[in-house]
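Provided herewith is a single structure, encoded as structure tokens, for subsequent inquiry.
The first chain written gets the first letter, and so on, giving A, B, C and D; residue counts start at 1 in each chain.
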Amino acid sequence: MTVSSVGVTASASPSSELADLAARFRAVREQTERLAAPLSAEDQVVQSMPDVSPTKWHRAHTTWFFEEFVLSSAVPDYVRVNPSYRYLFNSYYEAVGARQPRPRRGMITRPSVGEVSEYRRQVDAAMDALFDSFGQHSVDLAAGGADLTESSRWASIAPLIELGTHHEQQHQELLLMDIKHVLFQNPLLPTYEAAPLASVPPTNAAAPLTFTQHDGGLVEIGHDGDGFSYDNEGPRHKVWLEPFALANRLVTCGEWLEFMNADGYSRHENWLSDGWATVQQEGWDAPLYWDRRDGEWFVFTLNGQQRVDPSAPVVNVSYYEADAYARWAGHRLPREQEWEAVAAAFPVEATFALQPRAATGSGMTQLYGEVWQWTSSAYSAYPGFSAAEGAVGEYNGKFMVDQQVLRGSASITADDHARLTYRNFFPSSSRWAFSGVRLASDA
Amino acid sequence: MTVSSVGVTASASPSSELADLAARFRAVREQTERLAAPLSAEDQVVQSMPDVSPTKWHRAHTTWFFEEFVLSSAVPDYVRVNPSYRYLFNSYYEAVGARQPRPRRGMITRPSVGEVSEYRRQVDAAMDALFDSFGQHSVDLAAGGADLTESSRWASIAPLIELGTHHEQQHQELLLMDIKHVLFQNPLLPTYEAAPLASVPPTNAAAPLTFTQHDGGLVEIGHDGDGFSYDNEGPRHKVWLEPFALANRLVTCGEWLEFMNADGYSRHENWLSDGWATVQQEGWDAPLYWDRRDGEWFVFTLNGQQRVDPSAPVVNVSYYEADAYARWAGHRLPREQEWEAVAAAFPVEATFALQPRAATGSGMTQLYGEVWQWTSSAYSAYPGFSAAEGAVGEYNGKFMVDQQVLRGSASITADDHARLTYRNFFPSSSRWAFSGVRLASDA
Amino acid sequence: MTVSSVGVTASASPSSELADLAARFRAVREQTERLAAPLSAEDQVVQSMPDVSPTKWHRAHTTWFFEEFVLSSAVPDYVRVNPSYRYLFNSYYEAVGARQPRPRRGMITRPSVGEVSEYRRQVDAAMDALFDSFGQHSVDLAAGGADLTESSRWASIAPLIELGTHHEQQHQELLLMDIKHVLFQNPLLPTYEAAPLASVPPTNAAAPLTFTQHDGGLVEIGHDGDGFSYDNEGPRHKVWLEPFALANRLVTCGEWLEFMNADGYSRHENWLSDGWATVQQEGWDAPLYWDRRDGEWFVFTLNGQQRVDPSAPVVNVSYYEADAYARWAGHRLPREQEWEAVAAAFPVEATFALQPRAATGSGMTQLYGEVWQWTSSAYSAYPGFSAAEGAVGEYNGKFMVDQQVLRGSASITADDHARLTYRNFFPSSSRWAFSGVRLASDA
Amino acid sequence: MTVSSVGVTASASPSSELADLAARFRAVREQTERLAAPLSAEDQVVQSMPDVSPTKWHRAHTTWFFEEFVLSSAVPDYVRVNPSYRYLFNSYYEAVGARQPRPRRGMITRPSVGEVSEYRRQVDAAMDALFDSFGQHSVDLAAGGADLTESSRWASIAPLIELGTHHEQQHQELLLMDIKHVLFQNPLLPTYEAAPLASVPPTNAAAPLTFTQHDGGLVEIGHDGDGFSYDNEGPRHKVWLEPFALANRLVTCGEWLEFMNADGYSRHENWLSDGWATVQQEGWDAPLYWDRRDGEWFVFTLNGQQRVDPSAPVVNVSYYEADAYARWAGHRLPREQEWEAVAAAFPVEATFALQPRAATGSGMTQLYGEVWQWTSSAYSAYPGFSAAEGAVGEYNGKFMVDQQVLRGSASITADDHARLTYRNFFPSSSRWAFSGVRLASDA
């Protein structure tokens, strides 16, 4: 993939850039281990469906990324911790070679959770050594002086390290999505983290739903090359938009219950043809994780099963459901360019939480940090996009068909991982991501 | 669906409009019967896969369309030919009620082919009577005079009749696509029409591949409301295009053989991830209908199995293959807006044939009348689009997800069915349509 | 397969044997055409599930049998009617070579029904010529005289011709089972033969259910070599039986309704584990072809849909259902040896009909000619059995696993096809055969 | 199920019977824990296919058995360790209620391995208390004296405890079969127990294959009621056997290699029809767990991957393969009655091992303790068999269809678990049991 530039280069000297990147690396790596900490060895090995990966696999795969794309090329005579890990923990990089088939990641009982921890420690140590080796040259790097070799070596390695940290943050979110799905298979409905969300007083009302007008016209979309981004966020380019309006907040569980009570799931006229077929085949009558007990709706969360909170944003709905809801509500889903055109006026603000929270405050809210927002845009290449050569070029481009773009970020997204131009994507029938709905309409 | 206007209204008096539409109706109906004529009763009843419909079903369903959407509402006390046909020959109109499941259309051995012919005759007679009833009022219609009721009745019916004729022309193409697939299942490889294409001397060379530059900028796309169109072709709207180039002709079988000989089907780097999975799972190593015998490639056509003609356009390839070929060739597929922006400068010209033919002549060629051209555009709603109320609103809108748009038309498309703004669509893995490839590139 | 002897040899001179076999051949061949006569070309080509074969295929396959196993070896320089038919109409004879896959027999729209009729005529003519060629030698055959070559040629051919006639009779029954299934797929529920069975006055009571005791002990079972049999009916051998009792008649629809009303299909304790899983998965709550309309049960037959007759034998039930019914009723199914030990005392009597009929008369009834009776015996080789060399050896032996034996015969079995030692077999979940239930119990 | 009698009653006083059963209980329980000891928490939770159960589940389910069938009824006011375990660890007892679906046993990450250990400890303690409570009455029990209540309570409980120990021994074997399958999914091919079998010098020759004649005639088969047996082993009854011969030892890997080298897996004439279909569909060309590397065959065992030992018995072959091998070798598989008639003359001798071993010694060998031997007998009820009332009646009877009987025992069967009359059973396509082949033939 083409990493336009390393996020920290612009306003920093090379030596502080090195220190910043090393700090970021360590912080991200530690956070992964913190997220895995509440989970037993058994929790970490099971795969509940082909889309889900075991926690242990996420921890190993994100480590493999640094071994494969950084250490193997940057460290002379680097010896891999275990040659078989190259096979076991490759995800989908065809250029790297054969790999454990995705639906069978949960068959790998060994290496154990302990051995994976050890794998992480050893790679972290090798990375520390790599940072140190550059650190010794920092004066020269700063001076742009004699040691040009080191300087260009750093320039080729740093973007891959930075990419690896963002890659790992993506997997942190996947780890949480996935373990939620794993725990949900258990009829005991165990919790990831027992800390009761009930201590947060249930909000009784979401802000009224209003729409912000946008005049449309010729706008610029996509990453401008300043700071880190994935390759699929660029090139920045013009698009023409017709006038439209965007909702001030996310659709709530209370509003979703109205849709359900209005037979939303059983009236064909709300649905895309494929969506209607899926609803029938899967027997959907509520979002994933919802369960009706004695006439009341409950929802399974990372804090266990809870009463549905009408003011919280609905989450774990598919594109089909998001689209059906919007049609039923007399609106539509936003195009990704519309979302970005509006969001460009607001800062990226988010606070990590295991569940999305009700909107507070007025104006445009919940753009980030609660749920990813389905757009009506199919995931495709921006004009002028081309994937990088080699294995990292497989990062994003090869998935550009039969997926829908989601914008914003979720409560379980790492705080510094969200971005205005970020393009998340999932198939139309996927429900296990933290995906929800923001409405739009023609102006 | 919203039919912007009846194609013949603009430049005609009401009475000639009536005569024109009646003539169009009869011509289209006769053409369907001509296409079915070479087929035996056995040929007409079998369904070779869920996507394929039996010939007999196409003949009955297109007839049902007029009974359901025209006669039932326009003719007082109209008595359906057979009440059960409403169930048997509804395709996917949920609003019309339950229907024979699509994968089981081939189970319907009765009514017989003969009874379906009789069904067509009776509905045609009822339509004739309907045309006649309006004909008696033509003076008034012309005068816009006394008989306002008749005038407005005609205004509500005529667009549905016109829609029905276009609907039937679509099914004429499906009938041919489908029967090709049916006959291909038979190890005897029988022909639809024996007339040997071999009498056409095989062209030995296609025109050299060149690219036409387009400056991009703000262009208008979509149907302008003049003449007939499907609802999904509008509203007409602005889009911003970056500069690009479009190939002067279609990709040929000879070029496709080069791709195959360069291991095009076995090198992952050419393929989208889903495409690569499909290639592996289905064992694709050539277009559908191709077969290698004694080291030479043959292709099954409606005229039977023939030697592959290197100068003919490749046909029966999926979006995955089209995309992979384009990547391998160092180019890309066009966006649908790019295709339309270029094609707008050329007239719609096509001559019906059972197989696509090699390009002749210079300049931009083969925009219509050979093979539908895959675009990189996912099928989605134009800004401002909304489906009509009721059953006909199901015509196009509910399929707007997980499909790719194809532009142009095919050799088996009815001559007066093609249109600049026409948006055909199929899933990425479909190969049984007459689908091929025109390349594009960033300028 | 080993045909112990030709059925007509024992009490007949060679010349009358020849005449008898020729007459039998012609009668069987004509009967097949009579059975196909009510069916249109469309009816004859469709395959409603992998187990079902199209009528046209049955007519061609039984013809292929004579071409493959008789004419090709017995007639010097015999020229096959069409070389491709060897592929198209082979059923499962691996030794004969590749063949059209069974689930795709319904894809063969050509040769047409008319061409299959012509195929039958040509093979019949070749068979006639073959009979004639032997007829000229009949004096010698009778004398056992000079023409020993002809005599031994006849001895090698005659058993295969006789086998072919029985094979075709089996397919006559399959043709009727299969077309019933095909017609049932059609929501119009068309009839094979319109002649109303309703003209037969519905019997109001079946004979009371009684049990005949049998002392058990050492009995002989299997075909004794006199007259025709399939290879799987021998060798005749001893078995030891414990005392048991066998019901005097078949289980009726009225009794089956009691089982249904007692929640027979929803109480696990009635069912084998695999049966219970099948009931749940398939949603079975009645025999195949039963349908409840306005609180009353109807059944689809070859004469169309009719009210369920409580005194008629239940038919189209699986082994799972037969076993569950027997357990619920406090009895069990008979072993095949028990059935044969009792039936040996009664003549084989049957009259062809499109539907099974209620028991009339007293004593042991309905052994033959109504429905095949499921036994608790798995289909396996009798002691000393071995399959013949070559293709005909594939006739029966290779199916000896995971099937249950059925005894007796059905109303749609050809009258002279039933036999005391006949072993029919189907998988435990099969319901489309004319299969029903006779109870047994430990004495 | 009907347990004819408790194995220890015949030759023991009640008090020693109690002591013996308590000792047996403890020994069996400890052995299960010993077998699980080499396995990590991750190893114990994963399920590699629907037929396989996780180690943790085996350990919990065998414990549940005592809670459900002994403690809940025998101990007044018994409080289950965890009410949810009744759902989680029921296997297939419909009468006990709903349960975790079999294919989803591997989703249960909690309770943890540690919690399952605790579950076992608590149930063992409750069982100890139960034994103690009876021990206090042992004098009375012995005397048959005053405490008739205690005596009859013991008489109703003891058979269920004994059944529970045999049930657990069955699961010990399943645990080993299953974990072998789990570990085999891992490309690292880890070992269950590292102790190299290579230290056992590879035997270079198996004893020559010879056949022991048996005269047949009227023989008695089945359990005679002395000592423990499962219900499906009785009633003892007469069967008539034709003369036959039984091989002196098991088929070896060396002989299997000859079959493979003679294209045994690719010649249809060796195979049952279903077997041939399975071979094609699954791509079988060797027993399960075999792998060819550089032209040499290796086999995965509980001691890891090893070179195939030509003198060791072949194991992990399906019934289809066993049958095909026998046909190819010019023999057949034994009927279960034939096996038992011969084996009745020999003692039950076996020594536990992780892999089957080559035959040593002369005469009839390897009847027990190496591999289960496929018979040509379908699994069905003996004359006079009927399942017990209630949940334990589901133990064996409801599986009597579409399975083949295996006789003898395997190297991983508990030493005191094998029995002359033992009837093991698996579907024809199963390969993960320790199943092998002993030949028979008609005399």
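By definition in this document, contacts are C-beta pairs under 8 Å (C-beta built on N, C-alpha and C of every residue); 3 or more make two chains touch, one makes a residue touch a chain.
Note that the structure is a prediction, hence the values are computed from the model and not measured.
Trainee: Which chains are shared contacts of subunit A and subunit D?
Mentor: none
Trainee: On a CA-centroid basis, which chain has its centre farthest from subunit C's?
Mentor: A
Trainee: Mind checking the centre-to-centre distance between subunit B and subunit C? Centres are C-alpha means, answer in whole Å.
Mentor: Each chain reduced to its C-alpha mean, subunit B and subunit C end up 48 Å apart.
Trainee: Counting only Cα atoms for the centres, state how far subunit C is from subunit D in Å.
Mentor: 39
Trainee: Find the geometric centre of each of subunit A and subunit C from their Cα atoms only, then give the gap between the two centres in Å, rounded to an integer.
Mentor: Their C-alpha centroids are separated by 62 Å.
Trainee: For subunit D, give me the residues that contact two or more of the other chains.
Mentor: none
Trainee: Could you tell me which shape the graph of touching chains takes: line, ring, star, complete or other?
Mentor: If you draw each chain as a dot and join those that touch, you get a single closed ring.
Trainee: Every touching chain pair, please?
Mentor: The list of touching pairs comes to A-B, A-D, B-C, C-D.
Trainee: Any idea which subunit B residues touch subunit C in the complex?
Mentor: Those in contact with subunit C are residues 40-46, 48, 56, 84, 87-88, 100, 104, 106-110, 112-113, 182-183, 185-188, 190.
Trainee: In the complex, go through subunit D and note every residue touching subunit C.
Mentor: On the subunit D side, the touching residues are 92, 94-95, 218, 237-242, 268-269, 271-276, 319-320, 323, 376-378, 380-381, 383-384, 398-402, 404, 428, 442.
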